[in-house]
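Two complexes follow with chain A in common, the first pairing it with chain B and the second with chain C.
Right, the complex of A and B next:
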């Protein structure tokens, strides 16, 4: 496998974890978050600091998971207080705050980021396999959650919080759980990203990146794990395959987002489901 | 008999309006109470306060002898309370069956961790099917709840309330918008619920039906209780009569 292929596959794996984890928050539980990049970043920095200090791979991943999740639960408390459209705005703010804060912190490398992060010792292919294994585990976990009573309750909270509480579902606890799980996985993806690049700057975790993740979720079909996986793979490959898309990334993704919302609100998953129904009927 | 529900000086004010002004009442186990009053009397507000969807400015609410004023709605539901909404609120994108299964599984959904560790729904589905049959919704279970007509949505509200295995149900206008045949059918179901030993508090404008099925009537006007007792005696009370005539409220039988 060429170095190029290995790096593309690694990025796909990381983006799959990010999109699937965002889908748990926004798709399963209906909490629109436009700041997923911040939790990804928190995990990346936690892993980078751990690697620089003690160079222990499992500990660095654990630190990434915990950093993302803790940060997420704190922001999740905001979701208990505000209506869902305000939550979208709040999470945008969190993303900007995160970037602004990190830029000014010398212990986080400020503008220059953190470089010279020790390698994991697994090599590029080893890292890729680790990333793919954790991406598969994330997808499996997401599919499981969706089947469990937790996924069931998430759907209820996402659709009508008050109606859910009158069925004995503690809506607040579920919203926090969605945030905690989704952001912890984003943190984990951040740790893997650190292993992959061995050099991080805060620009990788900005609002634009968060919007791109939301585009993956919406284009894939909000709430559908497989749809979101397909979109994460497709939208990661597209700029690599088509030069134009790479140059006009924001324009292309933004345009696709608008088209999907306007023409196929169910995303890829909705289209596939629709054609199945159509095939059965004809 | 013990009080399943007791209100002590419950009051709430919205801006300049005293929506509920110091209500003290209790409801005994097995009671069938009609809560009536002109529009804007505070009936729905009182129901929402009891369910924890609104926090009163003052007063205490006891469910089965426990003060629940600081408990959120979900906790009160787990203590044996259930309610139906005046404006039906189904999970439109779920099937009719899932709407009820979700309620039946309230033991699993009590905490996210518990919910995460369980996937099996067969027992809950069977129970939900029984409940759907008991409210007359057999055959609709695979439909999306959003596709049901109002008459069936009203029954689905009742089915969801029964799903959480309540001791006390608060029914907020379960007959509103139903035609005569649908209303009779719904009244029959509610009576059956009461016969099974569930205490019922019924908010309803259809006085004809209320008088027929309730054992006790509580009349609210401007947020205060102006009548309480045996339905015919209460309705014969000149104070209650004045409030009705003055409030322009007429029974469906007259309308």
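Right, the complex of A and C next:
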């Protein structure tokens, strides 16, 4: 495999983890988060600091997971107090706060970011295999959660919180769980990103990136793991496959977001489901 | 004197935020949609102002052009984007709105260039007055005066005219207003037209202040405006005005006290998150969040 292919596949793997983990929060549990990039960033910075200090790969991944998850649970407490639109604005705020805070911290490299992060020792293709393995594990975990009791409770909370509470589902606890799990996985993706680039700046974790992740979830079909995986792969490859798209990346992403919501609010998954229904009917 | 300078900056920014945010809070009050793409309207207003001013040589004509283009654009957003999505969960139109903002911002970059557009003649930007040792720029005065005139006019419009009263009635009790013969659809168009015009004026004034319109002009302001309308208690115009001025001042003073560890643009959200934790319904709003 060429170095180019390896890097593309690595980025796809990272984006799949991010989109699937956001789908657990926003798709399964219905808590719209527009600040997923912040948790990704928290994980990346935790892993970077760990690697620079002690250069231990498993510990760095663990640090990334814990940093993302802890940060997420703190923000998850916000989801207990504020709902839907307010929560969306709060998570946008969390993203801006994260970027604004990191930019001014000299121990986090400030504007310059952290460079010279030691390599994992696995080589580029080893990194890629690690990323792919964890991406597959994330997808499998998401499919498992979706079919489990917890997935049912998430959906119940997402559909109608009061009805779920009436059924004896502790809505707050499940919302926190969704945030904790989703953001821990985003942190993990951040750790992998650090291994992959060995150089991080805070600009990689800005609000626009969070919007792109939300675009993957919505275009894939909010709540559908496979749809989201397909959209994450497609939207990562699109700028690579079509050169002009790279210059107009945001135009295309924004346009697709608008068109998909306007024409097919169910996303890819909704279209596929719809065509099956049609096939059966005809 | 330094502190008074900061107050002047804070108040002029606060007035600008107010003009930007009122349209946003009105849309929320009426439709329960977070109209994120309002920032694209703001940017469009700024571009229309600078381009028309450069073409005609008159800044007044620039603002006139912005006031014609943006209400149409705002109404088109309602008709083409939000109206078909009203039956879905409120986050569906919101995400569409985020998509539209990202799209418009990139479109501005592609059409008008990364560098942005500057005014060819903009004497106003460089005129400053010295009032008792405090330096005030002409544009800052223009912002405050414009905001005062606009909000006074808006107040008179909504309390003294039939259309204005009908508008307020529809925002607070849509069904009852409709039963009194007020057409709610017309009110929505009116709402988008006026809100967009306000944002356009704010955009044009910011363009004058910076003497530059670049593709990112609406971006940070828009998210601050979101923070402001939540701070003000979504849907409340009075709360929004208070929150705008408070934020303008807090930012202005905040830069010297906490600017060393936090970006200026993040202060709004720090305030927002602290307030939401204490009062989830905002400064004034009585509705539970």
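Here, the second predicted complex is superposed on the first by the 282 of 282 C-alpha atoms of A that agree within 3 Å, B and C clash if a C-alpha of one lies under 4 Å from a C-alpha of the other, contacts with A are read in each partner's own complex, and residues count from 1 in each chain.
Criterion: a contact is a pair of C-beta atoms (placed from the backbone, for glycine too) under 8 Å apart; a residue touches a chain by one contact, two chains touch by 3 or more.
Because the structure is a prediction, the values reported are computed rather than measured.
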For A:255, decide between first (touching chain B), second (touching chain C), both and neither. second
Is A:48 touching the first partner chain B, the second partner chain C, both, or neither of them? neither
See if chain A has more residues touched by chain B or by chain C, and give me that chain. C
Touch check for A:17: first (chain B), second (chain C), both, or neither? neither
Identify the partner contact of A:149: answer first if only chain B is touched, second if only chain C is, both if each is, neither if none is. first
By the touch definition at the top of the document, which applies to A:25: first (chain B), second (chain C), both, or neither? neither
Is A:160 touching the first partner chain B, the second partner chain C, both, or neither of them? first
After overlaying the two complexes on chain A, where does the chain B footprint on chain A coincide with the chain C footprint? none
Chain A residues touching chain B in their complex are 144-145, 147-150, 152-153, 155-156, 159-160, 162-163, 165-174, 176-177
Within their complex, state which residues of chain C touch chain A. 28, 32, 34, 81, 84-85, 88-96, 98-107, 110, 223, 226-227, 230, 234, 260-270, 272-273, 276-277, 280, 289
Touch list for chain A against partner chain C, complex: 32, 34, 78, 81-86, 88-90, 92-94, 96-97, 99-101, 103-105, 207-208, 211, 214-215, 218, 248-251, 253-258, 261-262, 265
The answer for chain B against chain A in the complex is residues 51, 53, 72-75, 77-78, 82-83, 85, 89-94, 98, 101-103, 105-106, 108-119, 121, 160, 163-164
